[in-house]
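In what follows, chain A forms one complex with chain B and a second complex with chain C.
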Partner chain A sequence: MTDVQDKPAVAPTPVEKASGGVAATLFRFQSVFGLLAVFVAAIIFSPRRDGEILFLSADNLANVVRAVSEIGIIAVGMTFVILIGGIDLSVGAVLGLAAVGSAVLMVESDWGFLPSIVVVLAIGLVFGALQGMATAMIGIQSFIVTLAGLQIARGLARIWSDGQGVAIAYGDGPNEAPSTFALLGERTFGGLVPIPVLIFAVVAIAAVVFLRISAFSRHLYAVGGNEKAARLSGVPVIRVKIAVFAICGLLAALAGVVHAVQLNQGSPNDGIGYELDAIAAVVIGGTSLAGGRGSVAGTVAGALLLGVLNNVLALNNIDSNIQLLIKGLVIVAAAALQRLRPAS
Partner chain B sequence: MKIPKSTLAVAAVTALALAGCGTTSERTSDEPQAQSSKACKGADGKYVIGMSQANVAEPYRQRMDDDIKAAAAEVPQFEVKFADAAQDNAKQVADVENYITQQIDLLIISPNEAKPLTAVVKKAYDKGIPVLVLDRKVEGDAYTGFIGGDNVQIGTEAGKYVAEKVLPNGGNVVEIKGLAGATPQAERNQGFAAGIKANPKVKVVATASGDWLREKGQAQMDALLKANPKIDVVYAHNDPMAEGAYLAAKAVGREKEMKFIGIDALPIPSGGIKAVEQGRLTATFTYPTNGKEAIAAAKKILVDCGTIEKSQILPTRLIDKANAAQIYAQENPTG
Partner chain C sequence: MAESALVRMSGIGKRYGGVQACHEVEFTLGAGEVHALLGENGAGKSTLMKILSGDVTDYDGRIEIAGEAVSFNGPTDAQAAGIAMIHQELDLVPALSVADNIFLGRELRTPYRTVDRRRMDREARALLERSGVNLDPRRPVGELRVGEQQLVTIAKAISLDARVLIMDEPTSALTTSEVERLFAVIRELRRSGVGIVYISHRMEEIAQVADRATVLRNGQIVTSFDPRKLSTAEVVEAMVGRPVQTMFSTPDAPTGDELLRVEDLVVKPRRPRPGRRDPDGISLTVRSGEIVGLCGLLGAGRTELLETLYGVAPGGTRSGRIVLQGKEIRPRGPRHALAQGIGLVPEDRRASGLVLFHSILANTVVSSLPAYGRLGVIARRMERAASIRMADRLRLKFGRLQDDVGTLSGGNQQKVVFGKMLLTEPKLLLLDEPTRGVDIGAKAEIYRLLGELAGQGLGVLLASSELPELIGVCDRVVVLRDGRDVASFRTADSGESDLLAAAMGESAVFEEVGGPQ
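Presenting the complex of A and B:
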């Protein structure tokens, strides 16, 4: 994961390595150390029962990772967008649209599992690509494009579902979703690992590997580092941008499928505010909102950090209003730490 | 700059965690319960109750939590913990899972929506945790008891009141409805229609959707006032929308021409009972928060080792000028 971290704008410079030392290493893995710290704190502060640390129980850890899986999947896509200096505010709404789509297609239209999933994912991909085109080709800032996209996706979800949550029942009869779909919400490996977590893991690993082996990675960091320089040195900026927003839309739709199966419902109000949680995970993960700097591995650690934090606060029954304060302060702290980071 | 950022992160996070961790739920209980029947340890036991609320941003739901807190304070064996899902089904699922991890003795839940919460409520119930469901049901029967109001009945009472007391000689009603697609909205509408049937001269001349919100009720009423020269009664599906409609009528000097009827009657300063007492609303109908009743049921299950009814429907009550001040003082003695 170090390879994709901090790729300099166009030509590789050894600044980051040269600055060396323990401090640089710590900075580089900010979110991983942060995650470790929160994890240790969670163990210390976990309520106990008969000597058993409740936080560390297998069931609880499975709950923690399951609860972050949707935000995690979205945050991986969000990392790509933020790496090129953009932002995507539409992901929560796209999640809602995809959840509604999964439910309507499989339950009301009685489509099969695969065609439904393919269509839903394609909707996310196309929606993202269109947003990418609007920002790359017309030159509207991605904040505005995706703010509009948020409204449009939410509106489409409301229209598609008649404004109501579509309940999902499983079976072979009419108006029942295929049982294959239900499997996505189950657990595997002896009932220990929730499938949504596996999906998140596959997405994260694929993203890390993709950024490592493909030339696309260099382009991505180049566009984020200095768009003009990237264009002048022959990077296909427009294509990179469209691809990045398309990937982000695709992953938001995937998270929507996972959301629908976990809650047995697709509702047009699903995923409200999830874009902010995803951005928080990316920021805590050490990716710079200015673009060009950051990593998927950091984002994964950031998402897990938020999940562990949420869990240990809940296990200790910290007042929900105080929880909001604490989470806000953690985000500020992570962003402040980025300012202290040695420049590359 | 050589300050190890992660060290700072550790310090910051740990400090925050420390600051927040005032209460740990360590308990010296012997065994996790295997069945509901084992949940009861009698009057000598200590019980932790987990309350999972759908969204405390709604005054009704905040009041529900407050009622539970107040009622539980009277039971020395009870400690109640609260979680807020902020209207997110996924968050509420996680909240209940966390309660299961904590091995609470009883779960009270007011579900955000039925379908998405059914599985996790069943999971808690199957682990032997007694579950009380408030206000909105979950599917199936994997819970100990449901306590709630009957929105059809409340709508009917409101309809009868309008047909018999307010407009015995007939008149025009406008109806400001709750959020489209919400069950209480459909039920309060359906009940009202049944209630006014007794008097065929009472007509609903226009309806609008106020989404439960005061400002939306006000905006919709602006339009209704322009379109309808004669309005005798405004029936709103909750008090905030009725108040919004009142403001709209007042703005054009027509508030004296019509009566405003709401639902919910929360005994809080911004609630419907005060509005009736102060003369803005003519009447409102209580929609029970079920908080007091939930703690009474919990006491029955845990302390008295008794059983409770599977479904407990609480009656509504008419609040008008005659009883508003008295009921407010009774329901909210402190303010």
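Presenting the complex of A and C:
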């Protein structure tokens, strides 16, 4: 075994440097091309005023990404879960719980900004971890576990807020949230980039980098690709699963904080149905529901694609029911395109 | 047989991209003939048979069945023409029962159009008996062991009343006695006029069962011969295209200190599982540098022993001791076992060894990841270097490290599983049927590798149902029967018949094998 040491002085590499990564690069591009196509279509079909393309106005584009940011943050976590072959239906409810938590802690309990945020994020993390334990250690399918989690988180949110939305006013007095919190809803970079978008971007980039360079990500892909083989290979399958659900819960809570600040309230009914939009973004992004292949970059493109689509349909005053219909067709089209992809 | 050929394929050609899988192949099969098809993986056997069974529909050349030209648009057409194929990858539905699987898609009905379960069970039982197995047709297939599943697919194929039966490595998971029974079935089918194409890597079997053998190499027919008249060496030479000195490299390295000692190991499972044979009193030792074989019939408990040593057997109470390098261990799971220096190459590489749609790189390094970086961050250069080094050492045939492992041939896939384990630098390697479904060239390379590893002081525990492999590769063979070790042989002074006799128990020998004892 002497020649199997982990100190390669020089990599004697006859194989050329491929761009690499566990996820195949090919279908990562598919959703990007889809996004481009929808983007171009949006420009063409955008209404114009005085020759100006409304869709391309700075304000409108900022709105598109702002509207996407919450779903986007959730979808990043959802990508992790789907990569291990799981699903998390509780994210919308956890978002609601976190929004309520932020409002109640800062407004009613007069907590400071940081402690409130830390506690709310911790709640999401622990909630996710518990769901991960239930699925990894007891072996209940994640669909069931998180379906139950959805109800539990929603129930907790209702109890915590007495079933009422808690409005957030900013200031230093009692029953006012610290004004630091309001900053999260502002724009930065000369008023161009909304902070929620910045948060989404940081989360997405961190996730992409994490999936590229971490040992954990190799384990994650292996668990999703073939759980039995992963286990026999010495991958800590249970730990990976718990961590992934914890990350997803944490990001859902983060989206809840963003949600509270954007709407200036925390309501136990916030985030209903968000889990489905997040799953749609992941699917359009080319991540396989069977697990083991996909990428966060694709998910980001998928979330943006849905955002652009919503935006341009709304700009054209298309009936919201028709919007739903078109969104549904796009999801089917994206999934169909992946089937057409040549099998590896 | 020129006139009466049941199947006549002429001028068959098929190209996949730049690879000519078949070129001007002439192949005939007579009624009541067993025609063996040999060749390394990638030689074109599978392609040829996929064409015959309707899996591949765009090819050059023509096919005649009983004198009539046919052209199939899919497997259903071929089945209608009486051609059935038993795939190497078992196409069974694990959750359904044995009977349901056999009659899948053509369920028997009662007069009320409901499924006639009783009749299906009865007919399935009869079919299974005909194939020489005693299995409850109501058991879910997923519960069965690989070998039993293989027998179910054979029973299913027989139930189709096919005129032409294509068997792709039907014995790869069978024990010796089951192979004997399968051969009896084949002889019976032959008598009733069924033509059988028999694909196998096992030369002894072909000599026993086949009337004629054809060797393919690089998509072309190299030679056709009477299998009883040609020596194994000549056949292998025809297959690989160059003379092969020795199949088995006999490792002469002196063995070292005791590495593993198992003392009276008994596992009582928490709840009994049908078809499992947990260790029920096994004692054995493996020295470093020693290759110890595990012999036994199907259900003797070979896999279960390896699983117990690796810590992946289902829970239960354990008595007895497992001692690794003088220290008693209680394997808790793969991570724990690997940390102790125990590696496992599992029985079914596709289901348990690899992520087929992940890259060669990802598959080779997954067990040894923390070694290629710091603080959980992977240094790509290091993992690539490790993967390439291992690929070189194993003589892996591949295009790029980024390629999916599923695109490799069976033998090369198995090498990747080996590489993954070797990168963890184990002291003891547990191997479960490491050469199943692997072509003869890759087999020889795996044997060479085992010899080399033993020479470096690694201990190997090798479970196999191939007797020549056990005799040829191992220093010593421990025979298991009903979860106990019943005999141990030095391979230098014993033969296959000794192993077989011990595995079956003395009384069974005369019944099943007849003469040689």
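Keep this in mind: the second predicted complex is superposed on the first by the 316 of 344 C-alpha atoms of A that agree within 3 Å, B and C clash if a C-alpha of one lies under 4 Å from a C-alpha of the other, contacts with A are read in each partner's own complex, and residues count from 1 in each chain.
Everything below uses one rule, namely that a residue touches a chain if its C-beta (ideal position, glycine included) is under 8 Å from a C-beta of that chain, and two chains touch if they have at least 3 such contacts.
Bear in mind the structure is a predicted one, so any value in this text is a computation, not a measurement.
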Greater residue coverage of chain A in the superposed arrangement, chain B or chain C: B
First (chain B), second (chain C), both or neither touched by A:Gln151: neither
Touched partner set for A:Pro236, first chain B, second chain C, both or neither: second
Which superposed partner A:Gln141 touches (first chain B, second chain C, both, neither): neither
Chain B versus chain C as contact partner of A:Ile272, first or second or both or neither: first
Which superposed partner A:Thr188 touches (first chain B, second chain C, both, neither): neither
Which of chain B and chain C A:Lys228 touches, first, second, both or neither: second
Which superposed partner A:Ser179 touches (first chain B, second chain C, both, neither): neither
Which superposed partner A:Leu54 touches (first chain B, second chain C, both, neither): first
Residues of chain A contacting chain B in one complex and chain C in the other: 22
Contact footprint of chain A on chain B as seen in their complex: 1-10, 12-14, 16-27, 29, 32, 56, 81-84, 86-90, 93-95, 97-98, 100-103, 113, 115-116, 118-119, 180-181
Touching residues (chain side chain A, partner chain B) in the complex: 21-23, 26-27, 29-30, 33-34, 37-38, 41-42, 45, 47-49, 54, 57, 59-60, 63, 67, 70, 162-165, 167-168, 259, 262-265, 267, 269-270, 272-273, 309-320, 322-323, 326, 329-330, 333-334, 336-338, 340-342
Contact set on chain C toward chain A in their complex: 310, 312, 333-335, 337-338, 344, 346, 351-359, 361-362, 365-373, 376-378, 380-382, 384-386, 388-390, 393, 400-402, 404, 406-407, 420, 422-425, 456-458
For the chain A and chain C complex, residues of the former touching the latter: 1-4, 6, 8, 11-16, 18, 20, 22, 213-216, 218-219, 221-222, 225-226, 228-236, 292-293, 344
